[in-house]
Amino acid sequence: MVKVAILGATGYAALELIKILLNHPEAEITALATRQEGSPHVQAIHPSLHGRLDLTCDNLSAEGICERADVAFCALPHKASMDVIPHLLAGGCKVIDLSADYRLNDPGVYEEWYGEVHTDPTRLGNTVYGLPEIWAERIPDSELVANPGCYTSTSILGLAPLIAGKLISPTEIFIDAKSGVSGAGRSPKLTTLYPECNESVSAYSVGRHRHTPEINQVLSEVGDCTVDVVFTPHLMPMDRGILCTIYTKLTREIGEDEMLDVMRDYYRDKPFVRIVEHLPATKDVTGSNFCDITIRKVGGNAIVFSCTDNLIKGAAGVAVQNFNLVCGFGETMGLLP
Amino acid sequence: MVKVAILGATGYAALELIKILLNHPEAEITALATRQEGSPHVQAIHPSLHGRLDLTCDNLSAEGICERADVAFCALPHKASMDVIPHLLAGGCKVIDLSADYRLNDPGVYEEWYGEVHTDPTRLGNTVYGLPEIWAERIPDSELVANPGCYTSTSILGLAPLIAGKLISPTEIFIDAKSGVSGAGRSPKLTTLYPECNESVSAYSVGRHRHTPEINQVLSEVGDCTVDVVFTPHLMPMDRGILCTIYTKLTREIGEDEMLDVMRDYYRDKPFVRIVEHLPATKDVTGSNFCDITIRKVGGNAIVFSCTDNLIKGAAGVAVQNFNLVCGFGETMGLLP
Amino acid sequence: MVKVAILGATGYAALELIKILLNHPEAEITALATRQEGSPHVQAIHPSLHGRLDLTCDNLSAEGICERADVAFCALPHKASMDVIPHLLAGGCKVIDLSADYRLNDPGVYEEWYGEVHTDPTRLGNTVYGLPEIWAERIPDSELVANPGCYTSTSILGLAPLIAGKLISPTEIFIDAKSGVSGAGRSPKLTTLYPECNESVSAYSVGRHRHTPEINQVLSEVGDCTVDVVFTPHLMPMDRGILCTIYTKLTREIGEDEMLDVMRDYYRDKPFVRIVEHLPATKDVTGSNFCDITIRKVGGNAIVFSCTDNLIKGAAGVAVQNFNLVCGFGETMGLLP
Amino acid sequence: MVKVAILGATGYAALELIKILLNHPEAEITALATRQEGSPHVQAIHPSLHGRLDLTCDNLSAEGICERADVAFCALPHKASMDVIPHLLAGGCKVIDLSADYRLNDPGVYEEWYGEVHTDPTRLGNTVYGLPEIWAERIPDSELVANPGCYTSTSILGLAPLIAGKLISPTEIFIDAKSGVSGAGRSPKLTTLYPECNESVSAYSVGRHRHTPEINQVLSEVGDCTVDVVFTPHLMPMDRGILCTIYTKLTREIGEDEMLDVMRDYYRDKPFVRIVEHLPATKDVTGSNFCDITIRKVGGNAIVFSCTDNLIKGAAGVAVQNFNLVCGFGETMGLLP
């Protein structure tokens, strides 16, 4: 059994992580860390765990975590992650980081989009980006894996085969992303109050959402070209689920069936990407680690539809996928029977 | 035109008040007060008012309000209301108070349920309780009207005819109340965050919700007996609407039709109570000042179903009804064509 | 008072029409027609109308309607509309048609998209398209007005100023439209069952939604050029509201402020279009006849955000706006105080 | 591996059954039956199963099912169940019946509440009622298990310890039940259309819901007395989850802590009942086979709060629990790690 700790244990992604890990045959949760005081029992924070996990959420130091765990899942906000992760690594703990702190290669880009000077810049560019469907072979040897953003995975998985195949123009891509409210986290804010979100839909952070440089970075490497997307997130009146509707220009004449074949080839032997022929609904993937994708041709354009559960494939599920690869377990362990 | 001010202008009840008053032929909104700093424009607080009302929300003193308005709607939290209302009255402003501060007759009961010493106790017991379907004749001469709570109105309107007619046992009444989330206000809290409330239902404040003594006080006077209800509120995954399902014991054999007739008689000439034969849904009254009520007999019990829009009949609508009565306008002005 | 009839009285748009017309000082509802048998009372169909309208919904002939009404609102499905409207017109009744039957100019295009031969083809091309913000001057003399589709209005209003001003490329427009479920009508279907729609979002009718030719037709006339949009509708888990997020390519360098000014100029004196600076939410317009629009510049692209209440500005509200213009009343009568 | 068939494979309970059984180490799904024609692939009916189960849904005879399966889960409507189950049993197949057909002991009571003459009356009174927390010892020897109704389980589990302990009056029990819409099934109906249910709550079938005699029958046996409950179901705007708020009269003075202890004792070693101290929310049990229960004392009354996921503990989960007991597997197999 691998002993695992979860930092930032009070949030929504952490709850999903706990639920997945409780079903994982090779993982044992040994520590829950929070920056809150008072050591609340995890069942008081997450009542759905009643009777399932008997741990308190403690304000643990990196040293305390390293004593108790072999692998740490870091579900902290950005900035808080890079404050603690170097110490976890120094203490011998492997880390799956769910924050944005180690996703970008360039400290300057980080500073531009996050408004913070990166305090661990030498690891940027040297940390594996944990999207196993793209770079599974890079993950096994890693002590630190940067788990992708939820919008990012959903967007990249929909676009990678087309970019890799040079089928679409890399600078005429419009990603219209629609997310459930859990993606905004569990800290009370007016914008995510029930009566503000319910029975309403609206865009936010147009042209400046922080997942944009991440999408561009990964796809540019995938396509060996400069990819520059327009990314527009929207808040939907639902708990969870992301649908990215992606408008692209085809570079050559190609039919829908051929595009679907390109996608199936690209994701051959990738157990969590399902290329489907129908228009997928976010509900089809709720509670699972799947990303369902299809494509439609309208005139000279290809429209990609890609959906995930933002808390699973977009956060906790892919984190466990990365954990499995880091630990040498089967990629689907704990995620599929 | 009567000049009106609204205190606590940033909340949900205030928004509904503004929308109703913008359609009211005899009211002009002349001041919006808030305890927040910075004098935000009301359109920045409530984007739905764009182009409809050109006022800022200012941190106004009682004197400032009295200079600008004849009548003040006070949509502040309890405690904040009793701090300002004596000054508004002293300044010559009439007041419709949407808080709980002047609803109870007994300062001791107030202190017991609200945990605060009442600072204006002489007005308790001398302030009219503004439920026009019960005591419309008391309202016209008032300088101060205590607007009822949302659960309270819905419960009382369902029970008053039965209590007045001695048809049910006054101490065996179970009110199972179901409310939309807007009833919990617009201050960000974990309990009213979207992902906490959505796809979930739960009870809260069992046996100790503050609307309980209000219901008992009014019904005891209506029935000239001691009424003691069990009141259990629940949070529903919806914006607005209250349904009270009320379980009572009949004191004598009586059929459903006869009970419906008792109710129709009691509310004869009350334009906002609709006695219906079907089981009402909260959606039937959304956006309106109606209270829809029906009754079913099951064994020796009568089950009452009473529903309102918590922000209209439960707050802003009845406030305008009271305003109309205080000002000598028709009771339905601005509320029905 | 103008006597009005509503055909197709059992649907959601009809309910909104009734509610608006009950508040309209110059309209009196004198007939409700349905193709269902049994003459149900309108209050049995729409419980929210209890006590407000005492009419049955009858299976009336065109002659029966003409005897009772001066103006008919036709809220029937397409095909059913063109079966009855010629008879209504022949009987002297003016008609506001909420269906698609008279929106397109070309019977061939109608047949292509609706799969039906148009049985009243001479009126196509000679019927005014009832979007008053675009062609208000054409409406007053009309005996028949084709009310626009809900997606159509929302899309056209967002794009017309840019197309008219030649600011965007007319054949590189992606409309990502998000609608509440009421837009799909009140006939029970699996796709609009609560547990199918709730907690889910998905696209439908990609590249073949019937509002597409309507958008192209109107905008092509507005711009005096060939406009060809890609239109992708999505079903949202909410009752009502449409948000169109529209991706366009700018034809020249222009800033956001200048674009907003172009929009404000275009809609000067149009009471129901509100050009706003914030990103609008559908909730801002719920229950109103407003269309809220803003614009953002991202790289060489302009992204337009346009939202309406699909049942009001997208159906019943604009129908009453057209009714007002046809009858010579003020455009906002019954819709704004 | 036990070969299992599912009859009525197109519904919501069947989907949950399939998902649970795909994770069950000792079950293999070998047949899916439906009364629909055309043999659709299960992935076309339930897109979330894409890539997970390669079976068509066929219109199979009882003989065809018995050839393929050892155990049949019957997720058909009542009446359809009793038409096929005798043939399944005759063919040697064990049956877990999710319908109401074999729950009641008395054919006369069945006929009174379901309006049908029971065609297999000799099995009534001789079929085990499959609520393992009450009568686990009866289930292992059964060829046929009657799975309880969703409201029924939730109500009975909340009341059984109090009834067994003679702590409450057995004829003064008011069950206010609140259910998500999935409980109403997957057949399109106006009452479960999205815009009818969303943003609304209402009661239905007051005093005549068919789960009432089932609750009375089981609790009367548990308490060895005549239990007669008042049961009032409500439709909530959510997919899944049931909360029963149950108002009862205490027969003697007893504190909350003591009542909680009585409950904990009663459910000692029952892995799926969690006695909690907080007020449970339906979300706490969503997707799980747990029933969360607490109790509050208000005056001389005990109010019980009991919640389940209606599709899991209320249908598919308890069915697998029964399957495990029938087959001699551990009770939690496939349901808990």
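Chains: A, B, C and D, in written order; residue numbering restarts at 1 for each.
The working rule: a residue touches a chain if its C-beta (ideal position, glycine included) is under 8 Å from a C-beta of that chain, and two chains touch if they have at least 3 such contacts.
This one's a predicted model, so the numbers in the text were calculated from it and none came from an experiment.
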Measuring centre to centre, with centres taken as mean CA positions, what chain is farthest from chain B? A
Can you check which chain pair, C-D or A-D, has more C-beta pairs in contact? C-D
For chain A and chain C, let me know how many angstrom lie between their CA-based centres, rounded off. 40
Rounded Å distance, chain C centre to chain D centre (Cα mean): 45
Centre-to-centre distance between chain D and chain A (centres being mean Cα positions), rounded to whole Å: 36
Counting only residues that touch at least two other chains, what does the list for chain B look like? 180, 196, 198-199, 237-240, 280-281, 283, 286
Please name which positions on chain B make contact with chain A in the complex. 12, 180-182, 186, 188-190, 192-199, 237-240
Residue ranges of chain C touching chain B (in the complex, touch as defined): 22-23, 47-48, 50-51, 198-199, 274, 276, 278, 280-281, 283-288, 290, 292, 337
Chain C - residues contacting chain A, complex: 174, 176, 178, 180, 196, 198-204, 206-207, 228, 230, 232, 234, 236-241, 243, 245, 247, 279-283, 286, 296-299, 301, 303, 305, 307
